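Please go over the structures that come below.
In what follows, subunit A forms one complex with subunit B and a second complex with subunit C.
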Partner chain A sequence: MAKFTAKPKDLINIDYTTPKTEWMDTPTEIREHMFCHATKAKDLETVEFPNIHEWRPQDEDWKLPANWEQTILQGMQDLLKKYRSFQLFMDICVRCGACADKCHFFIGSGDPKNMPVLRAELMRSVYRGNFTLAGKILKKLAGARKLTPAVIKEWWYYFYQCTECRRCSVFCPYGIDTAEVTMMARELLNLLGLQLGWIGGPVANCYMKGNHLGLEPHTIKSSVEFFLDDIKEITGITIEPTFNRKGAEILFVTPSGDLFANPGTYTAMGYLMLFHELGLDYTWSTYASEGGNFGFFTSNEMAKRLNSKIYAEAKRLGVKWILGGECGHMWRVIHQYMDTWQGPADFLQEPVSPITGTKFENAKATKMVHIAEFTADLIKNNKLKLDKSRNDHLVVTYHDSCNTARGMGMLEEPRYIINNVCNHFHEMPEDTIKEKTFCCGSGTGLNASENMELRMRGGLPRANAVKFVKEKHGVNMLANVCAIDRATLSASVDYWVPGTAVCGTHELVANALVMKGEKERTLDIRLEPLPGKEASE
Partner chain B sequence: MKMLLPFVAVMALVAAALMAVNVANLHFLFGVAIPYIAFAVFTAGFVYRIVKWASSPVPFRIPTTCGQEFSLPWVKQNKIENPSTATGVIIRMALEIFLFRSLFRNIKAELRDGQKIVYGSDKWLWLAGLAFHWTFLVILVRHLRFFVGDVPMSIAMLEHLDGFLQIGVPMIYITDGVILAAIGYLFIRRVLLPQIRYISLPADYFPLFLIAAIVVSGILMRYIVKVDVVGVKNFTMGLVTFTPVIPATLMQGNGAWFFLHVFLISVLFAYFPFSKLMHMGGVFMSPTRNMINNSRMVRHVNPWNYPVHVHTYEEYENDFRDKMKAAGIPVEKE
Partner chain C sequence: MKLYDFLSENKTAIVSTWFNEILATYPSDTSNFLKNKKDRFANPVGQTIFAGMEGLLTQIIAGLKTGEVLNKAEIDLLLDGIVRIRAIQDFKPSEAVGFISGLKNIVSNQVKDAKKSASVPSEGELMELGRLLDDLLLRAFDIYMGCREKIYELKANEARNLTFRLLRQANLINESRMSAPCFLNFKNIDKERKEVAK
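Showing the complex of A and B:
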């Protein structure tokens, strides 16, 4: 596969004209740089997925199993009976088109099959043809079509060009959520063994080793120890976190991406420094070492299998409650799915901050608190000594993660934190933040490298809003609360708006946090000299 | 084709009705039998669809949150767009159903100067949608005067309000003009906007044409061709009391327009449960809108939740025990 070399000025030359042929008669071309590689058979074997076989998306023959048609139709039937959302969303769309230009992939590509309404019609057309009377009789006149291998390819191509961000659902007059349709489509494709490498690999890793990156227990510990050396260099303070410690009050779970690569690692350093300063009685776990859940991008069952480790580990260690790090889809899962799958969590206690005594009422059943809620409460109760000027070299804007915005509604806590640790904060345009926030363009397991054109196209609306505040206010730091954002916005911002960095919110906290017994800081968390302090070096 | 076929279909329905009564004298079939059948199909079909939706469970609590959630006491919650109580959901749903809240949010994205994406408010669809649905409702309620003996005050009031412009004899109803304009906008938009034209199906044009034909035939009867209104009332009262009669005044002359009107409405009723028009019932049941966002506070039960195969801690420790011990990580079995 050739390297992706398209220049931003060419990529932004987007063609929004619709093809001359009707969409059902317009064949789907599987285009290079727009799709991810197929998964390795061994990864799927690890988690016992069905119909494992070798295939390549660019090949003509995908070697579908002999009974592929029956598998899909039976699968659809099952899902229609299990999910009212799916049944309803197949039936009630009026094709008003309010969702059309709300999708970041449509805005960035102009491909009409990326309009949420048409993406769903790819599925609805098959639904009508096989499950409705009108569709069976009137066929194409009723918007129905036959299920063919070409349809399967089209599904695969376009349902892996949706990041389940739910922005379309905000604007739909009936709340039709393409994320639900995409989840069903991916579940169906998974039945045929058509999984992505970038999803299958992390799922297998997470199942066997506890995290997507496949970090083994001793590696997790040594990664953290590496951060501790940096923290010592910055602050002069020695921190000694614990792992898999029984009897701790709190279990801390965060996405493994934070332990692995910049700039997520700086966020992890922020957690370590904050917890040390508070003297928090907490532990990391190497078994439940993943907050994120790539299983969520394969099937409901797989998501539940991976998620089970969090409660199981909390129970084994005997903690009182669970604190969760900064991550997007992790929080969709924790907030809207975990308790339903694994609960009731009656072996835990209703979360209370040991520092402020605040009861986290909104987490009293699930017993898991978001770290932004935890930290905002600390700041409100004046429990942290903060020196905002240590972030004066940064002009910050905040990117709401899709899932915490539209699948939870945590909008104000991160902003409150940032405003208390930074002097320079500017919002992006109103239509691109909060419930109207744009996806980074690489969520739901699409953060691979071979689909870079897709990612840059999907990332365009977000990057464009960053560009706006960069030109207007000189913004040079894009803060967020999502591990995938930290990993992927770096790439899309580099491409579209060079000169802007990306960070987690707790990196900014760590910069500002005045710790007991620390030496005078001359470096920020990235080990770069603090402005005005270079001379004292 | 997507547009032409539904148009031809509606025209064929019009021609069929006019010929049936004018040529073949099928007044009873088109005025009595078909309306009864259509109403039965509508009722049974509507109930069937709702029951079918209701029999699919809602396994997870998945509201689309459009504002700040219930959180710390000092964080201001958006109690309607992100409800944590049933009252909040009721208000959210009421705003959605009566005022089309989500459509009101509509914005338009545009790539300008080949380099920046700009967003602008775009409320025309909201306005036309709202105008169409509300006028449709008012017109429907106005028609109730044909189905009750003495016209209740409320209906008379509504007619009065609808005709407050006091133009012409008979008084021109505002709703008649507004609904035509709204249908016109919804149609033109579908044709002129390339993306919307691309996604449109015959099933999107057919109800538009059908409803337009119903409105036009009604307006014709009221203002132009003049049908014997007393005869119409006798007829409709006969229908609702299951003692159908066809007054002689409707059997001749302009009476055919009335049978056309009744037939097209019957087609709409019978078509309704099999079509996208079921969004009328569906909007009440959408789980992204009608659920409370309290899933971390109150456990939501999935009726088909089942045990799954997991990789236990014990298995994990068996895989890594030596490495864990070497790294000083506590283990269960030494």
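Showing the complex of A and C:
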């Protein structure tokens, strides 16, 4: 046994000084609980990604392919040529620091390499060293550095500590979208086969089976049937949804996570109840069975491949337009990319609500409407009978998903819905919501379990605001419109704000919805007694 | 001079030194931000730590003054705020909770400095403060362990949920076995529990 030589007075004299080195000279330590496992080779083979090999992030040798340097530099050159925005973002940053303290990972971790400006600098330094004259001549003096295996590791470590939430870009006076820098970095790392298991697996599943979880048609159907039993118990109403039905007016596409994981399942029950009550002519699809798109976290091409099934299925079934469920990055992809990739969707019609006659002009190009827009319109036109008191046991606040808020500008519709189905709603502080919303801390494929410490760091700023409204107003429910939020905020609030639950907005709608022919409701969607009905349970 | 009077008089200076010491455990780029950004929502780490330290010192002063035991619930709440953050940052356990010991040195240095010009608290009182801080350190370690256990619990829960899902997809789980405690987070399990309870 090692001899213990420290004296008591030494033990209390902890050395608080940290090494004062510049960021380029501060080596990156790949720490446990901060990264996700590497993907399996078979998943990369499924989608024919390059340089497939077995490796582990914690190992010294990542077994990079022999021509790794050339691969990265060529890849960078291709991306610079393809995307003018990337070239611009590499060149125009003046390092003013406006973004520096806006990142949830920096705020929660205190690691300077999580400042968006510095995270991007990890790549800019290589860009300068290889693509600019000043960088080639002046080297470090011009902020340039050589590309080494250590730089690749550093990129991998920090570009997978960014959730592409784009909060930093809201504050950038030049409009630099640091999320796009992360996208480029991830695309380059993918060229070396350095993919995460939590991303590679869902991508392969989605490519083969149509959804991230790899659910086959009969499993999707049985999952939904599971919900129908619960709905029958709660309302007494039998619902018979259809699957892959040709000739339906509307195709409904939602993230597959809501079919299996609580509390997302309650949101899916909400959809089923709402559509039944409206008598909507719609169908689920077991092929376009995923609204989310983890391909978006690998490469532009992969995202496009996975996205293509939505229009393909709409065409095959002959629907008029598409309704989409509550999801975050799904909507960034639909709103900002789908029309460019797959459009024009001229085989579809401009979406019109069959219940209210409202024309969704905002969806003229994509022909796809967010369910929060659809439901807010129903409420605005008095088409739903709602009993708000059924949500009286809940004191609700609303978390804006980064992608629906900053990616598509949907800010008011979910709030309008919540205010019409709940009596107790309180906003979090202004700088933590809407365009300035804080990320859940686990988006862009970082919602694995092995990186839980990272997730807690990233989740701190959001949870801190939840804690504030919990203490001030007694908030006990964090509503949102994103499947990843539903899955990951549950863990985050469990650590930071115990006693707070997480739900989708349509779970609240389902609680309040008074359905034709329903029995007296005693249970909420979670099969818990409704307020005032405890005795009857 | 009694120790509580000394601490009250020098409270601002003590909290400021104590805060600076904990900030020095972060990289310098970060410590400036943690120190200077006063908005509690933009800077939850810095503001929580500062408020926690100030609160802890207030509680210590109050305890010394009344001679009563410290308000444990309040102390735990303040410690929890700081330790919960440091438990998920890049710190060893000793570094995460070591700031408590730091207060001993800060106070004794303040006393040393004041000795030349004014009457100061007795050695006995300083030892009493040391014992009190030792107790806080142990409480902080309990909180730290609770936080780490929570992290592992969250990881285990998520991994278990995933496995369960996969097993069910493969039809390897019989519905009647789903009331096992490890599956309680799942759909319809709550219902099953209620039926069992009935």
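The criterion applied here is as follows: the second predicted complex is superposed on the first by the 517 of 537 C-alpha atoms of A that agree within 3 Å, B and C clash if a C-alpha of one lies under 4 Å from a C-alpha of the other, contacts with A are read in each partner's own complex, and residues count from 1 in each chain.
Following the convention adopted for this analysis, a contact is a pair of C-beta atoms (placed from the backbone, for glycine too) under 8 Å apart; a residue touches a chain by one contact, two chains touch by 3 or more.
These figures come from a predicted structure and were not determined experimentally.
With both complexes brought onto subunit A, simultaneous placement of subunit B and subunit C is prevented by a clash.
In the superposed model, A:A501 lies in contact with neither subunit B nor subunit C.
Once chain A of one complex is fitted onto chain A of the other, the partner contacts of A:L278 are absent, as it touches neither subunit B nor subunit C. Once the two complexes are laid over each other on the shared chain, residue contacts for A:P112 go to subunit B and to subunit C alike. Contact with both subunit B and subunit C is seen for A:F468 once the two complexes are overlaid on the shared chain. By the touch criterion stated above, A:L460 is placed in contact with subunit B and with subunit C alike. Judged by the touch definition given at the top, the superposed model places A:E313 against subunit B, while subunit C stays out of reach. Contacts of A:D101 after superposition on the shared chain: both subunit B and subunit C are touched. Of the two partner chains, subunit B and subunit C are each touched by A:D431. Put subunit B and subunit C next to each other and count what each touches on subunit A; the higher total goes to B. Clashing C-alpha atoms with subunit C appear in just one stretch of subunit B from the list 23-31, 113-121 or 311-319: 113-121. Shared interface residues of subunit A, touching subunit B in one complex and subunit C in the other, are 12-14, 16-18, 100-101, 107, 112, 115, 429, 431-432, 460-461, 464, 468.
For subunit C in complex with subunit A, the touching residues are 21-22, 24-30, 33-34, 37, 39-45, 48, 84-85, 88-90, 94-95, 98, 101-102, 104-105, 147, 150-151, 154-155, 157-159, 161-162, 165, 169, 185-188, 190-191, 194. Of all the residues in subunit A, the ones that touch subunit C in their complex are 11-14, 16-18, 20, 31, 33, 100-101, 106-112, 115, 213-215, 219, 226, 229-230, 233, 260-262, 265, 429, 431-432, 449-450, 452-453, 456-457, 460-461, 464-465, 468, 491, 494-496, 526-528, 537.
The part of subunit A that touches subunit B in the complex is made up of residues 12-14, 16-18, 22-23, 48, 80-88, 91-98, 100-102, 107, 112, 115, 117-118, 121, 132-134, 141-143, 166, 169-177, 180, 207-210, 216-218, 221-222, 243-246, 286-287, 301, 304-305, 308-309, 312-313, 316, 334-337, 339-341, 343-344, 358, 360-366, 368, 373, 376-377, 380, 405-413, 416, 429, 431-432, 434-436, 460-461, 464, 467-468.
Within the complex, the subunit B residues that touch subunit A are 2, 5, 49, 52-54, 56-62, 64-72, 74-76, 78, 81-82, 84, 96, 100, 102-103, 105-109, 111, 114-117, 119, 125, 129, 193-204, 274-276, 278-279, 282-283, 285-289, 293-302, 304-305, 308-313, 316-317, 319-320, 323-324, 326-330.
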